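Here it is, the structure, as structure tokens.
Lettered A, B, C and D in written order, each chain numbered from 1.
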Amino acid sequence: MPLEVGVLGYGFMGKAHANAMARLPMFFPDAPAIDRSVLIGRHESALADAADRLGFDATATDWRDVVDDVDVFYNLGPNHVHREPSVAALEVGTPVFCEKPLAPTLEDAEAMAAAAREAGDDVPAGCAFNYRFVPAIQYAKRLLEAGDLGEIHHVRGRYLQDWMVDPEAPWSWRNDAEMAGSGALGDLGAHTIDLLRFLVGEIDRVSGHLTTFVDERPVEGAGTDEIRPVTVDDAYSAQLELENGAMGTIEASRFATGHKNDHTIEIHGSDGSLRFSLERLNELEVLRDGDRGYETILVTDEDDPYIDHWWPPGHVIGWEHLFVHENYEFLCAVADESEYEPNFADGLAAQRILDAIEKSDNRGEWISLES
Amino acid sequence: MPLEVGVLGYGFMGKAHANAMARLPMFFPDAPAIDRSVLIGRHESALADAADRLGFDATATDWRDVVDDVDVFYNLGPNHVHREPSVAALEVGTPVFCEKPLAPTLEDAEAMAAAAREAGDDVPAGCAFNYRFVPAIQYAKRLLEAGDLGEIHHVRGRYLQDWMVDPEAPWSWRNDAEMAGSGALGDLGAHTIDLLRFLVGEIDRVSGHLTTFVDERPVEGAGTDEIRPVTVDDAYSAQLELENGAMGTIEASRFATGHKNDHTIEIHGSDGSLRFSLERLNELEVLRDGDRGYETILVTDEDDPYIDHWWPPGHVIGWEHLFVHENYEFLCAVADESEYEPNFADGLAAQRILDAIEKSDNRGEWISLES
Amino acid sequence: MPLEVGVLGYGFMGKAHANAMARLPMFFPDAPAIDRSVLIGRHESALADAADRLGFDATATDWRDVVDDVDVFYNLGPNHVHREPSVAALEVGTPVFCEKPLAPTLEDAEAMAAAAREAGDDVPAGCAFNYRFVPAIQYAKRLLEAGDLGEIHHVRGRYLQDWMVDPEAPWSWRNDAEMAGSGALGDLGAHTIDLLRFLVGEIDRVSGHLTTFVDERPVEGAGTDEIRPVTVDDAYSAQLELENGAMGTIEASRFATGHKNDHTIEIHGSDGSLRFSLERLNELEVLRDGDRGYETILVTDEDDPYIDHWWPPGHVIGWEHLFVHENYEFLCAVADESEYEPNFADGLAAQRILDAIEKSDNRGEWISLES
Amino acid sequence: MPLEVGVLGYGFMGKAHANAMARLPMFFPDAPAIDRSVLIGRHESALADAADRLGFDATATDWRDVVDDVDVFYNLGPNHVHREPSVAALEVGTPVFCEKPLAPTLEDAEAMAAAAREAGDDVPAGCAFNYRFVPAIQYAKRLLEAGDLGEIHHVRGRYLQDWMVDPEAPWSWRNDAEMAGSGALGDLGAHTIDLLRFLVGEIDRVSGHLTTFVDERPVEGAGTDEIRPVTVDDAYSAQLELENGAMGTIEASRFATGHKNDHTIEIHGSDGSLRFSLERLNELEVLRDGDRGYETILVTDEDDPYIDHWWPPGHVIGWEHLFVHENYEFLCAVADESEYEPNFADGLAAQRILDAIEKSDNRGEWISLES
């Protein structure tokens, strides 16, 4: 019996996950069989079109009608819609996969993580930190776990985009504190924070800095000259102190002219260093003990993570492939009723750091993360 | 009525094209509907498995039973199997899509191109030069057609792999002159030659150089110590003179240690230059009039070729996406009974150059391509 | 009459400046004539050797005997020796050139800047921020002054070295708070801060973070097993808010495994971006309005800053050439009795920021720079 | 007693070598003492200026008056002036250092090499292949000699410039077959050929291709509209077969838009690969056995070739430093009356290959180099 999957949201993320699900049988034949059963949204006609294009059997306009019926619930809506449906699904024992950041507020994230804890380990509650599933990042994780970089001294992450640098770029829900929680911080920073937690470990203290360069934007649409306020950050930075003694700097921006989706991670340890850039996601730069410079590794060999499912060495994969890996791992966990990571606890941990960064910016001082 | 597609070959290329076909509906909704009807191969049990995994309705062990029944025939077999089934299909008016190089010999290629000519323009006969469908290459084509690089003086192409550098790497049909025609020359050089013809124009004269570094190899398999001769080149180079007065150098190798699938194209004109590398296929380096250095363009913007079908700017695509573009264009041509390029005439043109390069190597002198 | 030059210090910096002076006549024929008159140091025999090798006419072991006699005084000693001789020289109207950071403490820096102010504009007091004199940095300055990058949103600087990552690397004066003031912060961060002030403008607020990874080190030398404490930072980071509204992050480390002298500057404005790296100091990456990616400019054309003095386009210069440009500008100012920048006021401005970063680290809160 | 040095030529090369000589005492204190005694040229007033700026004691307008008087003779004139003065100097036992290519014709080169042979090993006759003295190239040489790259399969070299791409760029002696011998081939190709001989070994057979894109050019100068023919190549390419079984491609151009002085060398062996680029001459990219990608090595460590004479790690050197290394080695050989390489025999060997490439182009066939 295939798993019945219900998906809330049919925008960018809906397309990315539907595609990932559709690709599993050919490339991950041991993945559980699934049915894209129900696509959930508010605007019936757009929803019907999307369901047709994305291969869903049916549609629904209220998630309440769905979360109990399906075997898995994907919550791909805007941040302010993460909590209620996810908690409802978990309360009836339906595994949930939720987009990141887990929630617009720490309170919401705590409620969601609590619901996941109560649902139990056999009800996976995944948080969509998809960059963990880049083969090069998995390769980096192997190196770090093997201790190849020694004691870690420095971490550095930045996520640069430029789609809001034009002051006339239209207002969206991503500019609204109520709906999004934060701006570049939550949208982009959440990815960086999760990768650093995944690769290097927990963060103890943060000092944050948020800036809004353009504080109001026009609403898109014919015949309107409505202007709405931007109530979130356009860019953030933070300094970190990690549990293992490393120090770090992270930042993100929607105003980094010329950068489209440039997420980079750099780590220096006592025995080596590594660098990763999302726009060249097939590559990892690694410097190991005895090396004098970075070795640029094309992570597409047969024994590289996930690569045996795809193409021969040198035949590069793209951004969407991360979603296939992520859906594979999550759906296997659902079928096996086993734990999945990154989960809601990871989502909450990231949220606590996002929240601490905002608090730090407000108060002008370092904030400790309570353990 | 969906187009019934028959496919000969279920190896690497079979998987690449089946995947491309499977992905069309979600991303290219205006592509013609198709059925993956029949998968053709010799080994029944492996074939059945492949058909199941690649989503084919049925299997056949003789292409003769198929070419007349289907609406489109894909010939993805080894080079020495290109001619007979392709010609048979064209003779009954079935459009054919054939892997490159078009044939192991010039004679075969000529017969195939003749069959395509006789079938007429409304029966597309495509040759699988998939690298024409890289967005960055299409972008380069636009620049060249607009004259942005001025008069072209230099072209340079190289295709580097290293999978045979180990003398113990096992013998395969690709090492055999009968089955493959040539080695690196036909397998890799055909791509380079097609890209240069596509981007810059016809080649007038060539001087070629072929080398076989390891002249026999072990046959893989338990309990055997059979050794077979390598009767093709491990690497080739050639100097070119183009119709437009440009000069060029091209080369390919299976012995370029550290390079997996490194196909690069470089062009210098009187007003600018460009560079492309397949291992970074989302990027194009362009120098235009007035620029002092190359601009590294990430060809993933909404108005870049094919990109509106995929993901937002900066969300990179992979090697397999070229096959989706290629299948889209070819299947549209089939549905519209219109011309498709690159076609068998392009395949033959490339073959003539491959043949001239080999002849030049044999004779130790330049060879002119008769017009 | 050639200018009589007295130089305190004959280590790395002594060699760098003596070389620069020696090269002026051949490459900058309009530079004032100078005599390398006196080299000052404490260890007579080493001093005599150095004077011989570096082309000085005489030596002295006490700067007090020199500062009044010479026309120019170069103070290239360790940081804690910057104040007294520099002030003494200025008090007798002798122009001074002092290595960076200007001083180990803010108090010292203020005293030095006051002495320079009192000496007047016709007595140049230069601070050795030599990276202003990289042709690529001067080129960047031109772009920024022309407004080519628009309104600046982001600045980023980092200076990575790894010579102390080994815990057994020997103790030096650079590890001592009394003598050096601070560690990576003052030694490396001072450069970054000066470049950002030069290129983008004043800094309003900082949040700093200093870390010492290894807190004691062996003293080098035969027969000793003395251990001394490290009382300065091994690495620092800081977040910045600039007067013009831009935000920034800067950092430096002596623990960045694999990086030798890697000083990078990145700037994003509303109309463009740029990137510079000291280990590729002949290059500047620039993205201007209308560009889609960074253009890698080799800043070695005839009309690039200072290049007409050197070699034809593409014949790259090295790190030492910056010292030639710096000495040229400084010595011309001395000869002309005109203002020179970067001067002691710039040194003090940088020192205030260094000091604020340390204070911020101590207090765990942002520190404003009083205007 | 310092060596008396006479130098013919005070253009670009005169400046480069005078500078190198001037820098030796400070950085290579064990180099023999020299006097820049006589500068030789035809135009008295320009010559006097140059002698003054470049630090020569005297001038002469006829080399005949000089070659016997000095201890060393530098021939830095145009190619057609290489033979006569060099031979005359050698005949009187004066060591000679001659710019490359050794001569405009094979006949001249043979006469010069014969003169050097007759003068004997204690009279060094150096040919100015300065790129052997790049630290990264010396480092590559060490790797190759240690066998780290295994058996060599591929060599590749190209030297790209663009200073003649404008058809209005003025005519110079470099465009004239009588004076220059050849164009890009001799001027740039000679460097590539020497590096390949130095690093990998002798060349057995060549197939060459020369092109002249613009066949006449204006003569520079007020009030003239004279046009002169270009009788040399603007660009060349060649295919190589090496004695050790490797194959190669080399090329050079003065029409490679956007490239100023871009000389790259690439080598693939059975166990590794390397890449070098002159515009980033402090770096070497190396892939060794067991590596998966190229390691980018900054060749500025203390134990790297020549680096202990200069600056600490990461403080990059420039193009001119190669001349210092080269002059150091040559002048030491003069002082020691010992052999120096690259010598006139190397110059002749390169000349034979240049000549074979031209012959091959003329005849349209491969040419063997007689041993």
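Note that contacts are C-beta pairs under 8 Å (C-beta built on N, C-alpha and C of every residue); 3 or more make two chains touch, one makes a residue touch a chain.
Everything numeric in this text was worked out from a predicted model, so none of it was measured.
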{"item": "Reference chain D; chain at largest CA-centroid distance", "value": "A"}
{"item": "Between B-C and C-D, the pair with more C-beta contacts", "value": "C-D"}
{"item": "Separation of chain A from chain C, taking each centre as the mean of its C-alpha atoms, in whole Å", "value": "42"}
{"item": "Distance from the mean Cα position of chain D to that of chain C, given in whole angstrom", "value": "37"}
{"item": "Chain B and chain C: spacing of chain centres that average the CA atoms, whole Å", "value": "55"}
{"item": "Two or more partner chains touched - positions in chain B", "value": "259, 287, 291-294, 298, 301"}
{"item": "In the complex, chain C residues that touch chain B", "value": "283, 287, 291-298, 301"}
{"item": "Contact footprint of chain C on chain A as seen in their complex", "value": "149, 153-154, 156, 160, 162, 165, 207, 209, 211, 213, 235, 237-239, 241, 245, 247-249, 251, 253, 255-259, 268-273, 287, 291-294, 364-366"}
{"item": "Chain D residues touching chain C - in the complex, by the definition given at the top", "value": "12, 15-16, 18-19, 22-23, 25-27, 29, 53-55, 161, 163, 259-262, 278-282, 298, 300-301, 310-321"}
